[in-house]
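Chain IDs A, B, C and D follow the sequence of writing; residue 1 opens each chain.
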Amino acid sequence: MADGAVFMSSPDERGHFGSFGGRFVPEALIAACLEVEFAFRDAWSDAEFVEEYQRVLHQFAGRPTPVTPLDRLSSHLGLRVYAKREDLAHTGSHKINNVIGQTLLAKRMGKSRVIAETGAGQHGVATATAAARLGLECTVFMGELDTVRQELNVFRMQLLGATVVPVLSGSRTLKDAVNEAMREWVTCVENTHYCLGSVMGPHPFPWMVRELQSIIGHEAARQLDELGVGTPDLVVACVGGGSNAAGVFAGFANTPARLVGIEAAGGSAVGKGSPGVLHGMRSLLMQDEFGQIEEAFSISAGLDYPGIGPEHAYLAESGRAEYYAIGDEDVIGALQLLSELEGIIPALETAHAVAWIAQEAGKSIGAGSTVLLNLSGRGDKDVAQVRAILDDKS
Amino acid sequence: MADGAVFMSSPDERGHFGSFGGRFVPEALIAACLEVEFAFRDAWSDAEFVEEYQRVLHQFAGRPTPVTPLDRLSSHLGLRVYAKREDLAHTGSHKINNVIGQTLLAKRMGKSRVIAETGAGQHGVATATAAARLGLECTVFMGELDTVRQELNVFRMQLLGATVVPVLSGSRTLKDAVNEAMREWVTCVENTHYCLGSVMGPHPFPWMVRELQSIIGHEAARQLDELGVGTPDLVVACVGGGSNAAGVFAGFANTPARLVGIEAAGGSAVGKGSPGVLHGMRSLLMQDEFGQIEEAFSISAGLDYPGIGPEHAYLAESGRAEYYAIGDEDVIGALQLLSELEGIIPALETAHAVAWIAQEAGKSIGAGSTVLLNLSGRGDKDVAQVRAILDDKS
Amino acid sequence: MKSLEAELRQLRESGRKALVPYFVAGLTPDWVRHVEAAVHGGADAVEIGIPFSDPMIDGVVIQEAALRSLRLGTTIDSLCADLASLSASVPLVAMTYFNIFHHYGLERSAGKLHASGIGGAIVPDLSLEEAEEWKRVCDQSDVATIFLVAPSTSSERVAKVAAASEGFVYASARMAVTGQAADIGDAERVVGSVRAVCDTPTYVGIGISTPQLAEEAGEISDGVIVGSALVRLILDGADASQVETFVASFRHALD
Amino acid sequence: MKSLEAELRQLRESGRKALVPYFVAGLTPDWVRHVEAAVHGGADAVEIGIPFSDPMIDGVVIQEAALRSLRLGTTIDSLCADLASLSASVPLVAMTYFNIFHHYGLERSAGKLHASGIGGAIVPDLSLEEAEEWKRVCDQSDVATIFLVAPSTSSERVAKVAAASEGFVYASARMAVTGQAADIGDAERVVGSVRAVCDTPTYVGIGISTPQLAEEAGEISDGVIVGSALVRLILDGADASQVETFVASFRHALD
């Protein structure tokens, strides 16, 4: 880690974080990306816009979400664990922070419609929600396999007035939904904003989404101060594309806190990936020996992504953040642990981070350390799946 | 309405609100009720306890929940509608406010275990949650029919470490679960607190639960002031047992605001009931010509209760609050309306209140009126049911 | 002193332990014959349960019986009409939940009980604090208001409750709903606490399901109430002679 | 000037509109025969699609073809080996997504293309801003870097993109992914914007799926690229002679 380096500031003018990031999109989308970039730069430096974004997050989405001292888990692990409660944000995860920002931006750009990709449906539901609030038309692309696995989320989006398009191409999962959303965007950039769901895609998305999620980290830093905890020894978050992790890391990037991102073993772009270009960005990707993208497989749909946001690739390369993987087999136990000890059923995604903390307590996490867990979402969406898994086991 | 009367202060020393309320329980439970009453009086006047209760609601349950201006619904209806967002509280409804208070009280009383009744499972999940947090044992009684209809909520409670007991007696629904919890309580008052889920039951429960829920109304009054709205013209809430309504009414009982409670047509204790005694209280009940209690039938499990809290019976009798009923047929449309216009999928219970506002806008609610809707819970628990109903229709 | 209490005091003075079986009115078409059989078997008084949809303090057996009786259409009026055919002359005590009387009308209820030969009423969910009006109307109709004392009742409170109880004091043997049990639980302590404050006859109930337990309870009290065990028998199809045999076995144990 | 551009400029000077059919390499075992048939049918150059798992700018037809080819095991190496048997001598242009070259190694990729007789490369997701290194290695191997200009490309930007494009400029007829269409969309405007800033041959692609559209596009440009319509034919089982007939129909329309 370079001494005196400043982390998580802006990428370079072409959207690079070190050698990662950039804008690898068809020429047809360049203008749209530039439009988003300029609009966001303009909006983000406009106090009125920022105020409106914060006001909506406050009045509509329930921010600030609290930081909860996890007393019983802490005793159990011999640590001092605090949870940043994104599960309490409207629609049940941090995804709302991003979509509130992007839909407000879409409106500011004069767009009448947003499109989005979704895997399990969390980002889709969040986008449909934020679009409904503003009266924007909304179309969500979702791999056909996922529409079947997550049919209730499909219905939720429809209730919110969105159109859900099952994606029949490729592996019919999240990465194909991104492709399809890009394809759609080409045809309708005039009136449509592509509301990308994580810190991925072409510049300015990785940066913009991180900025819109950084409210997590800034709030948490202030709240830990208020609790008298100060800077925690570790900040731990699960990583799919990496938006909740980026959001919470942003509050601690330039403190001594260890930043730890936890991927699913079956979607471990840092652990098993190599540099590559996909979905508009250069980053770490899971790919075969010929550069064909591999499908990710994880118990948690939200981590089922073969890539990772480019800034994370950079944070990994630079050593500022560490990334580890947790296998499916450890996730259910972690979900049960948090549920039973703290009365919080976390999302399966979040349970990866819990599992890692439990595994490393007293090992790479020294006894008595203060740990901030980003509790990215609630597990309600997952309970049917968890039950099926536990039923199978017994 | 008596001039100068003060509403929603304490009941008389025997727990009466006018001719309603009281303590109609087996002698075996009198001591336990007295213990709860004394413990609550003591705790509620102990600044430390109140602070702890407020701290947990803040740090764990996400209070204060916001007041959201519903701009698009307002334009649609020609009103100014604001929503108090109990759907954003941990576990997805106002139920958590009550159980946080009662579990803290249980601990203060030296109890190691709580029991609860539940219908759809919301109060059960909330109780299991609050119990897990404190390491209290938890048993939830749930009508056998409801355990089948709401199997995921059964699993949720189990994940939270609670034992769910299917109740085989009577109609095997909520009212029987209350009976069964009372029966259980008789056998274990020594170490067990009965965490009743609404403003019902024997004194001190209707009063205590109202007090624990009154944070809704007090917060909302302050938030409406901050928004420059001041006292709204109407405060509208759905009513099952009546806890969310009591909670929000408490902030406005002594203002000029019209207080309106909306029951399910199939569980309309005010509209179709008559005075009677059940579950430890004298109140309004749906009963047949012989005084046998009738089963309630509603699309929303949380309103499926043949009675109403005694204070509501009193508020109805005194004219301070008005109660109306909404039939199943209007509920789904109201749920869709709020979802599409505001990006908030409400619980079916809450949708009753929405339906009434929509129905009365421009009629008994004058154009331009300010309306505070208590958005008691989120609809995630209901989407499968709503889908089935819409599928059936089409 | 109301008639019921006078009779029961007299019974006690005769040196006989009171045996009070409990019936769910209307459980079978010939339920009144069961009552008569019980009297032949040695019952000193009979408790007539008026079924209620939500029997909060009853266990599964009486719940099931109440539900079955309700399905057969039992009401206050129907059961009182049935009682007109009762040939045995024995003190009768009604037992039901307060809503039944509340809905029927308190005065009308008390009058109806009296007119049907029922001299007392146990209303388990009517706490002493809420009983004022009920007591008043019962006074007008010579219906004794019988209260329960539970193991959890504080001694200060026992004084008040026992004093208010007429006919007899119902000493609850345990912290439990009606049902079968293996011992007489806290009966001795509860009866003792009642005796310390009044001399009203004191009967033990809740879980007295065998002659053996009845004998034990009888030794420390003035009588016993036998509910679930008998109701179970009837639910299982017992006829009048089986009821008589059953009651006789308790009689035998008590004497 | 790289060889490809020299050849294509010469073609234009000959007064002939360029016909550039697109093939997905490895789509059938005899795909190279299809290429030859196209040349017999009148193709002036051939676009060789290297299949990628995530063809972001391709429509359903080419997606399906790419997936099928990948399942058959197509790789850069395999398709270059296949090309060794190509008997026709015609300019070849590779088309693929950047990750394929990025992963194979940029220098190695360019060298491989050159060694296999491929004189240019279209990498639709490699924006001008990210193309610096790729251009550098292509310069070393005489591989022309072909860029697209889209209807959405601003005029300032057209100047830069067109200037960077070697061999030809790919004028996208519409804001759409590859596929079939009913008109030539914005082709005239796009071609005009390119012509205003450079004289590199400019070919129209995206949606040129009938001879009629090819004719229209040819009138306002230097040539056409025919992709999805041809790939559809091959997916549906066309043999070499059908491919030849298909291409000939376009040739006929253009001449």
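The criterion applied here is as follows: a residue touches a chain if its C-beta (ideal position, glycine included) is under 8 Å from a C-beta of that chain, and two chains touch if they have at least 3 such contacts.
Please read these numbers as outputs of a predicted model, since none were measured by experiment.
Novice: Using only the chains other than chain B, in their current positions, what clusters of touching chains do you get?
Specialist: Once chain B drops out of the picture, we get A, D | C.
Novice: What are the chains that chain B and chain D both touch?
Specialist: A
Novice: Report back the single chain whose CA centre is most distant from the CA centre of chain A.
Specialist: Relative to chain A, the chain whose C-alpha centre sits farthest away is C.
Novice: I'd like to verify one number: the distance from the centre of chain A to the centre of chain B, where each centre is the average of its C-alpha atoms, in whole angstrom.
Specialist: About 35 Å separates the centre of chain A from that of chain B.
Novice: Need the CA-centroid distance for the pair chain A / chain C, whole Å please.
Specialist: Measuring from centre to centre gives 67 Å for this pair.
Novice: Which chain B residues sit where two or more other chains touch them?
Specialist: none
Novice: By the document's touch definition, which label belongs to this structure's chain graph: line, ring, star, complete, or other?
Specialist: Basically the chains just string along in a line.
Novice: Throw together a list of every chain pair that touches.
Specialist: Here the touching pairs of chains are A-B, A-D, B-C.
Novice: Under the stated contact criterion, what part of chain C meets chain B in this complex?
Specialist: For chain C paired with chain B, touching residues are 52-60, 63, 67, 70, 75-76, 97-100, 102-104, 124-130, 147-154, 157, 161, 172, 175-177.
Novice: Considering only the defined contacts, which chain A positions touch chain B in the complex?
Specialist: The contact residues of chain A facing chain B are 58-60, 62, 65-69, 72, 85, 87-90, 92, 128-133, 135, 152, 155-156, 159-161, 335-336, 339-345, 380, 383-384, 386-387.
Novice: Please output the residues of chain A touching chain D within their complex, sorted ascending.
Specialist: By the definition above, chain A touches chain D via 14, 22-32, 168-170, 175-176, 179, 182-183, 186-189, 274-280, 282, 285, 287, 290-293.
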